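After this come two complexes, each holding chain A, first together with chain B and then together with chain C.
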Partner chain A sequence: MDNELKNHYDVIIIGGGITGAGTARDCAMRGLSVLLVERYDFTNGATGRNHGLLHSGARYAVTDQESASECIKENMTLRKIARHCVDETDGLFITLPEDDLNYQATFVEACHKAGIRADIIDPEEAKILEPAVNPTLTGAVRVPDASIDPFRLTIANVVDARLHGAQMLTYHEVTSLIINQGRVEGVKLRDNHTGEEKEAHASLVINAAGIWGTLIAKMAGVTVNMFPAKGALLIFGHRVNNMVINRCRKPANADILVPDDTVCVIGTTSDRVPIEECDHMPVTDEEVEVLISEGEKLAPSLATTRILRAYAGVRPLVASDNDPSGRSISRGIVCLDHETRDGLAGFITITGGKMMTYRMMAEVATDLACKKLNIDKHCETATTPLPGSEEKKSEETLKTYSFAQKAADGRHGTYTKEIKEDDIVDDALVCECEEVSVGEVKYAVDNLHVHNLLNLRRRTRVGMGTCQGELCSCRAANLLCQSESADKEAADLARFVDERWKGMKPVAWGDTLNEAQLTATIYEDLLGLDKVASKEGGME
Partner chain B sequence: MKFNTIIIGGGLAGLTAGLALLKAGQKVALVSDGQSALHFASDSFDLLGYDAQGQAVTNPLEAIAGLDATHPYSKVADVAGTAAQAQQLLAEAGVKTTGEAKANHYRLTPIGVVKPTWLTVDDFVTLDKPDTTPWKKVVVANIIGYLDFPTKFIVAGLRKLGVEVALKGFTTPELTEARKSPSEMRATNISHVLTDPAVIADVARQLSEISAGFDAVLLPAVISMKDDANAKLLKQQVKTPLYYVATLPPSIPGVRTQTLLRNRFIAQGGIFLTGDQATGGKIEGDTLKSITTAKLTDAELEADNFVLATGSFMAHGLMANYEKVYEPIMDLDVDYTGAHKDWSEYGVFNAQPYMQFGVATDAQLHVKKGGKVIKNCYAAGAILSGNNRVKMADGAGVDMLTALQAVKNILKK
Partner chain C sequence: MATKTQLESKSVFNFEQCLKCSICTVYCPVVAVNPTYPGPKQAGPDGERYRLKGDIFFDENLKKCLNCKRCEVACPSNVNVGDIIQAARIQYSTHKPGLRDRILASTDFVGTMANRFAPIVNMTLAWGLTKSVMHGTLGVDKHRTFPAYSSKRFETWFKREAQAKQAQYSKQVSYFHGCYVNYNFPKLGQDFVKIMNAVGYGVQLLEKERCCGVAKIANGLYDQARKHANINTSSIRKAVKEEGRPVLTTSSTCTFTLRDEYSHLLGVDNTDVRDSITLATRFLYQLIEKGEIKLAFRPDYKRRIAYHSACHMERMGWIIYSTELLKMIPGIDFVMLESMCCGIAGTYGFKKENYPTSQKIGAPLFKQIKEAGVDCVATDCETCKWQIEMSTGVPVENPISIIADALDVEKTIALNS
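Right after this comes the complex of A and B.
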């Protein structure tokens, strides 16, 4: 991939989350020359640390009509343009005996006002539709919630932006902004792999760094007051529910259970955290306890389901007051033109919003960018399918797929045909849980900005299954091995095993503890990985 | 059904105890669910690889004398003698090894790391010193498409030892056929293909070709699951000295050891109840009278003595839930501390507290329940508390030596 910087870009986008990737796509589709820079990996922040929920907007209908309307609009759009990332599950908002059933009417009315389909159904029907639901429910409303894969969605945007000429640099951190006479003219960068310093110049810099955008703004000498709200989630070992299950009450802790691929996710909590803690956020015992006890109320069988891991993300909310919970703040989109707001030209911040309203955020930011650059091109991202979603595959096409391609189909959509099987080993399985083949690993390495095992996991799901990377991480490390000494790869493997453990540690009892001991037996006792890999934490 | 001794657990500890009891003329039954940590084993048996500070041990016998009183070895009366007995017992079952308790040698791990060890199965790579090999140039040969042998790591590890290394791939029509099912390329499956003398001859011919002019050829351990006959046959036919290297699990040397010990146990007259699980025990006063199993629903298995060798968490000999750590068959006393957040630590390679958890025993390895000693039930192996086997590399030694000590304690009565 092209790492050579051009002399000048129309826009530099800071941040490799879904907002940055979506903005890069929109800008590139409108003919702008684009450079996206990301200090670590794509999806490293809140994009990769949420429910994976394609909100219908129902959750916000009562408290935040603006967000609710944005959600339902984008919900319908993403079903069309990102078909291969969406699992059209629908969702239920259930009322439990301890909840006020009168809230249901308020809720449904608010949904309808925001344009969200919301059908009251009989609790008995709800139990048939979703056998995992708490059988003591007293009410149920069916809404068009769905499940969406944010990793896949981000990469589809990255791939399309690149197809339209955008350049992407992961592991490139902005160290300062180049400001000249009240105008931002570019960024100073550090290559986080080599330490090399670089400069990139552009007419506009778009700050799409999520919660870290507050720090980018600070570099520019302007203030964007963010409200870092930590949300913790738990992943369960299998897909307990087939529909999204929510509580029909004012949004609270741990009241959404989302089926994602082969697992399900309960979340979230909401607690204000200092910005300095946003890079490392272990999930606390108290959070685990709340998630388990509230989760069981949605689907009682969670009590006996293995918990795979715990993780936490930070919502990039824009602070407006001192709300201690952070829940009454709008999830709405915030696009700041720092020229009119702060007298600093060439700088735009796009923030707030939600993972699933990323496209709308990108559109707003790109509209402003085009206006400033005097470019008269309309946004086409709402109608142009993302790579991987262009066409529905026919039965005939599927028949020609190899075993590995079939497994990869859900992950890469129409791009699956790019996965090779000409080498006799390409079909060999690296990861049995997620059915990732050697060919898919090679495809990801060649095309999807994969430098290490963590990147590979996010692109292919290697190591995401129930075994949490027992053997596949070592197999994959060997495939990624480039250097003569293998020291770098050993350190990468150790970091990967440690990162997996970080998510298991807060829930280390039952089968998760058993699995942890097995992993230690393999990686320490049998392999001796602890003897070669340095213990330094690494950059993620 | 009444036995002299019933053993619960068919791993290294349980089988060792069983063989020693049969040797003493006892009537023995062993209950096993068929799973064993041996499936994740290396090609070696460790006695003590590292001391409490993490320093590599050169003389395990000396270092064991300096261990804490909580370590299971403190309950083994004669470590040197018992270690010799263990090696002898392995040899009698057909697990031929080299090594000695008073001086560790070194094994080569599947990612090319050198670790101190006590006994290594014959025909596997052994090194006298941790930083040098007997060879100038070697070939690492792997079956094309076999992913459980991280060749690039092994090559890098060997190069660090100053060896010139070439990496070569090979296959046969039979192995290529096996590869058509993507999950078939696992060591145990490959070993089924490598039972045909014609295929072995083909592999030998190819290995001879690609290793011509080299001092040694190193091959992943994907042959000879039941005994070492095919591994020997292949070695004899290859012109260059051939050595095996352990792979990612499933472990062929581990499965082979389990198979040979089990076969010996059955051949010596032991009753092997496989695919079954102990579900409970009837304790009267200070005595375990009988146990129940999942399959023998209408019968109780009675014995004068019992050996509990069901392993640690990964073998389900110990279990943990949100509230506590417990022993699932008889709810025996367990040595553990704190709430679940205290059982483990961040930093995957830090010493994890849960590794040392295990059933509480007295100096004679008797288990306890409600603080009271059960005088005819002994624990052996990974279910014991007091050692961190991944940090100290003492797993196989603790398995075999505590099993043999439990047997001595039984026979002494």
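Right after this comes the complex of A and C.
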């Protein structure tokens, strides 16, 4: 991939989350020359640390009609343009004996008002549709919720942006903004792998750094006040449910259970945290307790289901007192034109919103960028399928696939055909829990910005399964040795195994603890990996 | 509080207890010879997570599993790997059993028909022409030798010759003879009755006995298997609960099916009677151990015998009972063969497509047997017997037949009266 910087870009986008990737795609599709810079890896921040829920908008219908309408619109769009990232599960909003059943009518009415299909169904029917649901439920509403994979979605946007000429630099951290006479003209960068300092110039810089956008704004001398809201989640070992299960009440802690690929995820909590803590957010015992006890109410079998790991993300909510005009900013999308707001030209901040409304955020930001650059091109991202989602495969075609190909199809969609599988080596499995073949790893390394095991995990699912890297980490590291030095890869392996353990630690009991002990025996006692010092730090 | 529930409970989902150590795959006899089989870990706990995601992830390659359960014996985490694979086949397979599979599965029906014309059937089945016709049209491998059918069923013999004498014994057991004893080899049943009577036990048949159903499970005839399981379990319940008789068997696979497969795979609850179903060798050994019975053997009995550990014996953990019992015979020069699958796995090895795999799996065992220089091989499973006899030429006998042969009946009766 091209690391050589051009002399000048139309836009530089800061942040390799879904917002940045989506904005890069939109800008590139409208013919802009684009550079995206990300200090670590794509999806490293909030994008990779949420529920993976394709909201129908029902959750917000009662409290925030605007968000609800945005959600249902984007929900329907993403089903078409990102079908390989979406699992069309549908969702239930259940009323439990302790909840007020009268809320259901208010809820359904609000959904309908926002344009969200919401059908009241008999609790008995709900139990048939979703056998894992709490059988004591007194009411159920079926809504078009779904599950979406944020890693795949981001990478599909990255790939498409690249196909339209955009340049992407991961592990490039913005150290300062180049400001000249009231105008942002570029960024100073540090290559986080080599330490090398660089400069990149552009007509516009778009700040899409999520919660860290507040720090980028600070570099520009402007203030964007954010509410960093920490949300903790738990991943269970398999799909207990096949439909999203929510509580039919005002949004609260741990009231959404989402089936994501081979696992299911309960979340979230919500707590204010200082910005300094956003890079390191351990999940506490109290959070685990809340997640389990509330989760059990949605699906009682969670009480005895193995928990793979815990993680936390941070919502980039924008403070309502932020806007100098005094107009209150909702929980929705926030696009700040710093030229009109702060008198600083060449600088846009796109923030707020939700993972699943990223495309709309990108459209708003790109519209503004095009206006500033005097480019008259319309947004086409809502109608052009993302790479991988060009066509829907028939069940007959899928049936002819090998097991690993079927699994890969869920990750790469139509690009699965690029994965070599015809010789005995490429066909072999690296990750057995998640069915990742050698061919798929090679494909990811060659095409999807993979520098280390962590990148590889996010591009495939290596190390995300039941064993949390116990068997696949060393196999994958061996494959990465073909492009990286063995010393560097040994350190990478040590870091990866350590990172897996960090997520397991808050829930380390029972089989998860046994698994961790077996992993420790293999990597420490057998391979002596604890002797390999981990050199790179950071939040990764 | 909630965390406490989590801390105290093992996952109710047995497949989640898999720690991915892969020991099961090391012990899988199929993986070793057939690379197209994904192996017990992949087919079992790993595949299960994907099957929960969607039916599309069911892999018909699962039918290559022998159901030998050696994966379960190997598993250090008590995962019922074999059950997970078989249960997945029951739940997801869209493959309909063909004529051949139905014939192979219907050991009882075919047995009933064959008994009537036993000499003709046996002769015809032995013809090369018949074998190649069956190979070509049905898909039953031409190399296979079918077990000979008896012209008189065990049940018929028992009712005519033995039943009346059984009432004289104060202690009674019920006997689940199985299809093989009934249709092919009544002598094993007769040997069993001979031993039991000699140690002072009367033998009764069950009120109703059907084929245990193991071949039906293997060939996808689950509803029929469940029907049989219900009939057998209620007959067993009657014997155990009302008559106070334990139910004895002389076939390891029938025993395993009656005890474990019924509840694990067919959903037929037998927890109240499971412990009362036992193998004859185990029953005898435990009585000897407790000092309740004694066996006396003929001083002139001299044989070199090798014991083969049938897979389901290994799964039940009962090999020790048969081997220790055999070792009590003073004239036996005992050889313990290394425990490995013989490759037949019931009807599996009879199928044309499985024959090469079947023989490859058994090859190391056959070599060991041929080199052991023994008079006969002892094993508790009848299909292992067919496979070993066909593949080595060495005769195979059930431990019960060997004991009956070596038994000094008069002396034993005297010791136990």
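Just so we're on the same page, the second predicted complex is superposed on the first by the 502 of 540 C-alpha atoms of A that agree within 3 Å, B and C clash if a C-alpha of one lies under 4 Å from a C-alpha of the other, contacts with A are read in each partner's own complex, and residues count from 1 in each chain.
Methods note: contacts are C-beta pairs under 8 Å (C-beta built on N, C-alpha and C of every residue); 3 or more make two chains touch, one makes a residue touch a chain.
If you're wondering where the values come from, they're calculated on a predicted model, not measured in any experiment.
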- prompt: Is chain A touched at more residues by chain B or by chain C?
  reply: B
Message: After the superposition on A, what does A:Thr304 contact: first (chain B), second (chain C), both or neither?
response: second
- request: Check the residue A:Arg411 against both partner chains and state whether it touches chain B (first), chain C (second), both, or neither.
  value: neither
Query: Of the two partner chains, chain B (first) and chain C (second), which one does A:Ala486 touch, if any: first, second, both, or neither?
result: first
Query: Where does A:Ser293 make contact in the superposed view: on chain B (first), on chain C (second), on both, or on neither?
result: second
Message: Looking at A:Leu518 after the superposition, I want to know if it touches chain B, chain C, both of them or none. Which is it: first, second, both, neither?
response: both
Query: For A:His172, is the partner it touches chain B (first), chain C (second), both, or none of the two (neither)?
result: neither
Message: Which partner chains sit in contact with A:Val532 here, chain B, chain C, both or neither? Use first/second/both/neither.
response: first
Task: Look at A:Gly237 in the shared chain and tell me whether it touches chain B only, chain C only, both, or neither; answer first, second, both or neither.
output: second
- request: Answer with first, second, both or neither: which of chain B and chain C does A:Cys467 touch in the superposed model?
  value: second
Message: Just to be sure I follow: which residues of chain A are touched by chain B in one complex and then by chain C in the other one?
response: 285, 403, 429, 432, 471, 509-510, 514-515, 518
Field: Interfacial residue positions of chain C with respect to chain A in the complex
entry: 1-3, 5-7, 9-13, 15-22, 38, 41-42, 45-50, 52-53, 56-57, 59, 77
Complex contacts: residues of chain B adjacent to chain A: 37, 40-42, 109-115, 144-145, 147-148, 150-153, 155-157, 159-160, 176, 179, 182-183, 185, 246, 248-249, 251, 312-314, 316, 319-322, 340-341, 343-349, 352, 354-355, 389-391, 393, 395
Field: Complex interface listing, chain A residues touching chain C
entry: 237-239, 242, 259, 261-262, 285, 288-289, 292-293, 296, 301, 303-307, 395, 398-399, 403, 406-407, 429, 432-433, 435, 465-467, 470-471, 507, 509-511, 514-515, 518
Query: How about chain A: which of its residues touch chain B in the complex?
result: 282, 285, 403-404, 424-425, 427-430, 432, 437-438, 471, 474-475, 477-479, 481, 484-487, 489-490, 494, 497-498, 500-502, 505-506, 508-510, 513-533, 535
